[in-house]
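Below: one structure, written as structure tokens.
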Amino acid sequence: MIKKIAPWIPPIVILGLWQLAVSYGWLSSRILPAPSAVLTATRDLAVSGELWLHLQTSTWRALAGFAVGGGIGFLLGLLTGSFKFMETLLDTTLQMVRNIPPLALIPLVILWFGIDETAKLFLVSFGVFFPMYLNTYHGIKSVDPHLIEMAKSYGLRGFQLYSNVILPGALPSILVGVRFSLGLMWILLIVAETISAQAGIGYMTMNAREFLQTDIVLVGILLYAVLGKVADIFAKTCEGYWLRWHPGYQ
Amino acid sequence: MQTNSIEHNTVKSIDDQNRTGATPHGLSIEIHGLGKSFGDRHVLQELDLSIKAGEFIAIVGKSGCGKSTLLRLIAQLDSPSSGQIKWSKSPDQARQQTRIMFQDPRLLPWKSVSSNVALGLGEDDKAVIKKRLKEVGLEDRGHEWPIKLSGGQKQRVALARALAHSPNLLILDEPLGALDALTRLEMQSLIESLWVKEKFTAVLVTHDVSEAIALADRILLLDDGKVTANIPVNLDRPRSKGDAEFANLEKILLGKILNRSKVH
Amino acid sequence: EDLTLRIGFQKAASLLTLIKAQGTLEKEFAKNNVNVKWIEFPAGPQLLEGLNVGSVDFGYVGEAPPIFAQAAGANFVYAGYEAPSPRAEAILIPKDSNIKNVADLKGKKVALNKGSNVHYLLVKALEKNGLKYSDIQPVFLPPADARAAFERGSVDAWVIWDPFAAAAEKQVGAKVLQSADGIVNNQSFFLAERTFAQKNPAVLNKLLDELGKQGKWIVKNNKQAAQLLSPLQGLDTPVVELSISRYSHDVRPITDAVLAEQQNIADTFFELKLIPKKIQVSDAQLKPGITTAGK
Amino acid sequence: MIKKIAPWIPPIVILGLWQLAVSYGWLSSRILPAPSAVLTATRDLAVSGELWLHLQTSTWRALAGFAVGGGIGFLLGLLTGSFKFMETLLDTTLQMVRNIPPLALIPLVILWFGIDETAKLFLVSFGVFFPMYLNTYHGIKSVDPHLIEMAKSYGLRGFQLYSNVILPGALPSILVGVRFSLGLMWILLIVAETISAQAGIGYMTMNAREFLQTDIVLVGILLYAVLGKVADIFAKTCEGYWLRWHPGYQ
Amino acid sequence: MQTNSIEHNTVKSIDDQNRTGATPHGLSIEIHGLGKSFGDRHVLQELDLSIKAGEFIAIVGKSGCGKSTLLRLIAQLDSPSSGQIKWSKSPDQARQQTRIMFQDPRLLPWKSVSSNVALGLGEDDKAVIKKRLKEVGLEDRGHEWPIKLSGGQKQRVALARALAHSPNLLILDEPLGALDALTRLEMQSLIESLWVKEKFTAVLVTHDVSEAIALADRILLLDDGKVTANIPVNLDRPRSKGDAEFANLEKILLGKILNRSKVH
């Protein structure tokens, strides 16, 4: 019971304080509209169907980018985590590349991919790539080498070795990467959707920001928060299932 | 209430015969001038040893004398610093036909007990897995996570896993150290009966002198990185502890072990 | 064969936003087998990025972005311009500010969008009032951020264009310290990708014709236009009304005088080290003899 | 020898291809300047001293933001990783908050913190916070509970327990967080330095982007890559020292 | 070449006397109707037991019968499902004065061997740490990572760590299972001499019947979650294996263990 309610206490307290602050005039409602005003704006957007359009567009972009970038990150992480030579060869480059802000890359991305969906997909993939890569890589390195040795001497090779030993051992770390990426994909959309978009929550938020529609900016922010929660529930469910053997995750 | 009772009859069953890789004879091994160092520490030095196909060898020796190191070299998990090891097959084949039970159980925590035993076996081997689990007295624990098992239970799962493969060379590093006297005897007869049936080569490290005598054709005493004694055990099987010859041999061996450190 | 006309636009550009909403161009161009594709950009520089790599054929921006684009070697031409709208940009001060005139800005923090039309306005306004650009503290902020800083009182003044200026006046009672009237022209430009302009002069002319008609309509039907635009831009109708009333919406062909004014801006920006080299604005003109706009 | 050279092969190959592509006219140098042109631009910036000014300004901001955000993330990660109740109470909220794009927050940040260094510091801290939090949290959860039990029964409590057992056990994971944060702090600066900055690499890059000065954008990108490498060397050194007991890291 | 030789004299030294928390008498423990279940599995049931202060108790029993579980309850690492345990001190004090050596070594892999032994001790205890390491024959391995040690060496480090604390209640869960016969005897006499000197209460789980007889005042046989036999050992110390009474007792006990499963 308490466990069900407790997680919602801080958000509710924050919302309550915010509403109070606006109601009592400590905060100008023009600077920061009250939660109630944000709610109204949300309802209007929802009723007009705009909200769903944005959400749908962004969700598609986010998931596609996650699949591509996360997939590549995972595979490269497997590679560098498993083969010392690959690590020596690639890790430096990847560490350099991932440090490049997507925002700075936009001119080059437009150059390579134009201004269509491909460019947005690339940006999301680019950003999502790294947490998956880094966590997979470290996950694999942290698997108990005794267990790998044992499995090898029991005849496990290649795919069998990975699916039975290395991946399950790296899983706690890989799931951290997934959790992180699931958040990052939304964050990157706001960057990607500054490249000539017509819809999407990033577009909606930045557009509203441009026209000083603070209530819609806040709708965007709350939407991001809710999406974060959804991704989190998903990640927790995966953890709960796949790590049910792990005493730390019970 | 757990039931740990061990099924004695099953070890005699015959449905093991036509299984994967079960060859009538084990590997033979020739070791010449073997040496292994970790940094400055010379663990094995100029070690010579030859093991016949199908022989049961027991190795005893002081803690830290290099027994596990030797086993790892034989199993090709590590490479020697000097000298060489030859198998009756190519090293690759030998590796494939060798199974080692490590000193620590090394169970995969994310797999159930029976999946741990099933490691490296195919779908068709389900019956064998079940049988082995039953033989080590854990048939009702197959679905559990290894973390829930007691120390001795973990060791028995590891034993079941090693025995499920019918290797040509079976290496056991203190396989029964965490077991009580009764379970220990039962496991000994399990190992022996499998060995008799499948005729693999067996190398056993143990600290229990009577265990070595009960199981081995030959007992090696390892000290200072070398084989300092090589004692054949010419008793008929099944061997009984109560036997006078058995007791005599035990006394001799124990004497060698206990006096050893005073010799040099 | 079918041609696709890719028009880059910003929501803040009323003329294009309206004509898109009304679907006039699609209808008109359907007869000539030309498809119209609208591509939205958050601001002028991004639009020029698109133009530069050939993802956009035609766009509408303020006076500053083309200068930077030309300095960067982008391949575009000036296709037309919107007659001066000097009242559509201004230096704003908070309603309770004790700044009385432009000269009072000495030493004060002034928010502006770096390298935009208001940057030029500020330089010229200061010049006219006997101040140097170095006499004030410029604070570079994009419009949305500047508004927040302005409301919070982090800056003393804000140089900004419409509709942001109108919104600040209507919503927070910001006062106009000085509009561009009498200082600079504030023109906007229709740009076209060079090869597109060379290959399709007829399409370009027709496009500018239609824009001219739409512009005249807006001027005549200010209120109605504001009502149409308000939900599109997400701004209150009075704000939009004020804002569009201060633009001329008068689409005209490029003249040498217009380009000379652009050259002034370019030279000023070069002095401010905003562009790394001197540019010749007239290089971005379609060769004389080819008409680039309707009447 | 090979190990020293191999990491530099991919970057050099990329640069080489790029230079070739421009030299042979496959790529218009208007769109993408050649590496040599970028080098010239770098030299010019370095000679004029501008580069060092930007670098210095950004470095200060990055490190301060890293210290604040990373520190808070670490502490909160300790808290939620160690106490089930704290996890229940805070984790949901944190997972929601971290999903908010810094870019969308900028207007609010300006309202709260003005346009000075504080605002920039906040943005960097906000972004850096999360990888540190998440990795610390998961690192602590993944410490072998048997070791903690042992240490407790040997009389270790509080600080001693953390410094001897929990932190060293969580360290591999925490260092992943550090590595990630060290990259992220630079990435966030590009967002933070759109707020009324006069210097900084983020400012330099975005400013150049605004004015379509692709060569300087590329200088920025390369600079980010180099900074990524520096951060990486630092992280690797830490790993090499602190994890020298760990067979996976040798 | 490693030197594993064990220093016998040191155990008699007296500089241990004035150490932290070393009280002349150990804890006494009263257990009533103790039960412990994991889900459906009832591991301990209605267990009654009383241990006197300073007594040396050995517990033997089949693998998985609940020995480790009982030790964990006594050490307050787990809470009983039913029944209660009373110490002669408050539970908190009792916990502070208890040290347990687990069945697995549980060495911190990121700490050197000597830092592992030093766990929970202050700076002033450096001499003790050194001494204990010497007593278990690992004085020259103090600076190494635990991962480099052999199985028996790890166990000895864990033993050294448990012995370094001079607790009032020392719990040992198969402390010598991975050691060879000689080292085992040396460690037994180390434990005994410390116990004689410091008079702590000791609870030892072992699978080695002769070890139980050599060390304990009383031997408990655990089966089916209950104490099924309670055998006092009234032999003089130091006890010798060669002794007739010793051998006799060994035979009786072994008989009880080996026949037990046939009884029910």
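Points to keep in mind about this one:
Labels for the chains are A, B, C, D and E, by order of writing; each one numbers its residues from 1.
Definition applied: a residue touches a chain if its C-beta (ideal position, glycine included) is under 8 Å from a C-beta of that chain, and two chains touch if they have at least 3 such contacts.
Every value quoted in this text rests on a predicted model; they were computed, and no experiment measured them.
Chains that count as touching both subunit B and subunit D, per the definition above, are A, E. In whole angstrom, the spacing between the mean C-alpha positions of subunit B and subunit E is 28.
Between subunit D and subunit E the centroid-to-centroid distance comes to 50 Å (mean Cα coordinates, whole Å).
The mean-CA centres of subunit A and subunit D are about 16 angstrom from one another, to the nearest whole unit. Spacing of subunit B relative to subunit C, judged by their CA centroids, is 85 angstrom.
Residues of subunit C in contact with at least two other chains: 49, 53, 144, 147-148, 151-152.
Residue positions of subunit D touching 2 or more other chains, listed in rising order: 31, 106-108, 111, 209, 212, 214, 246-247.
Contact with two or more other chains is made by residues 104 of subunit E.
All chain pairs that touch, listed by label, are A-B, A-C, A-D, B-E, C-D, D-E. Subunit E meets subunit D in the complex at residues 75, 77, 95-96, 98-100, 102, 104, 106, 108-111, 119-120, 145, 147, 161, 165.
By the touch rule above, subunit A contacts subunit B in their complex via residues 146-147, 149-151, 153-156, 160, 164-165, 168-169, 171, 245-247. Across the complex, subunit B meets subunit E through its residues 1-2, 4-5, 38, 41-43, 60-64, 67-68, 103-104, 148-153, 155-156, 173-174, 177-185, 207, 209, 224-225, 254, 257-258, 260-261. Contact residues of subunit A toward subunit C in the complex are 28, 30-31, 106-107, 110-111, 114-116, 194-198, 206-213, 216. Remark: subunit C residues 45, 48-49, 52-53, 68-69, 71-75, 111, 114-115, 139-142, 144-145, 147-149, 151-152, 154-155, 274-276 touch subunit D in the complex.
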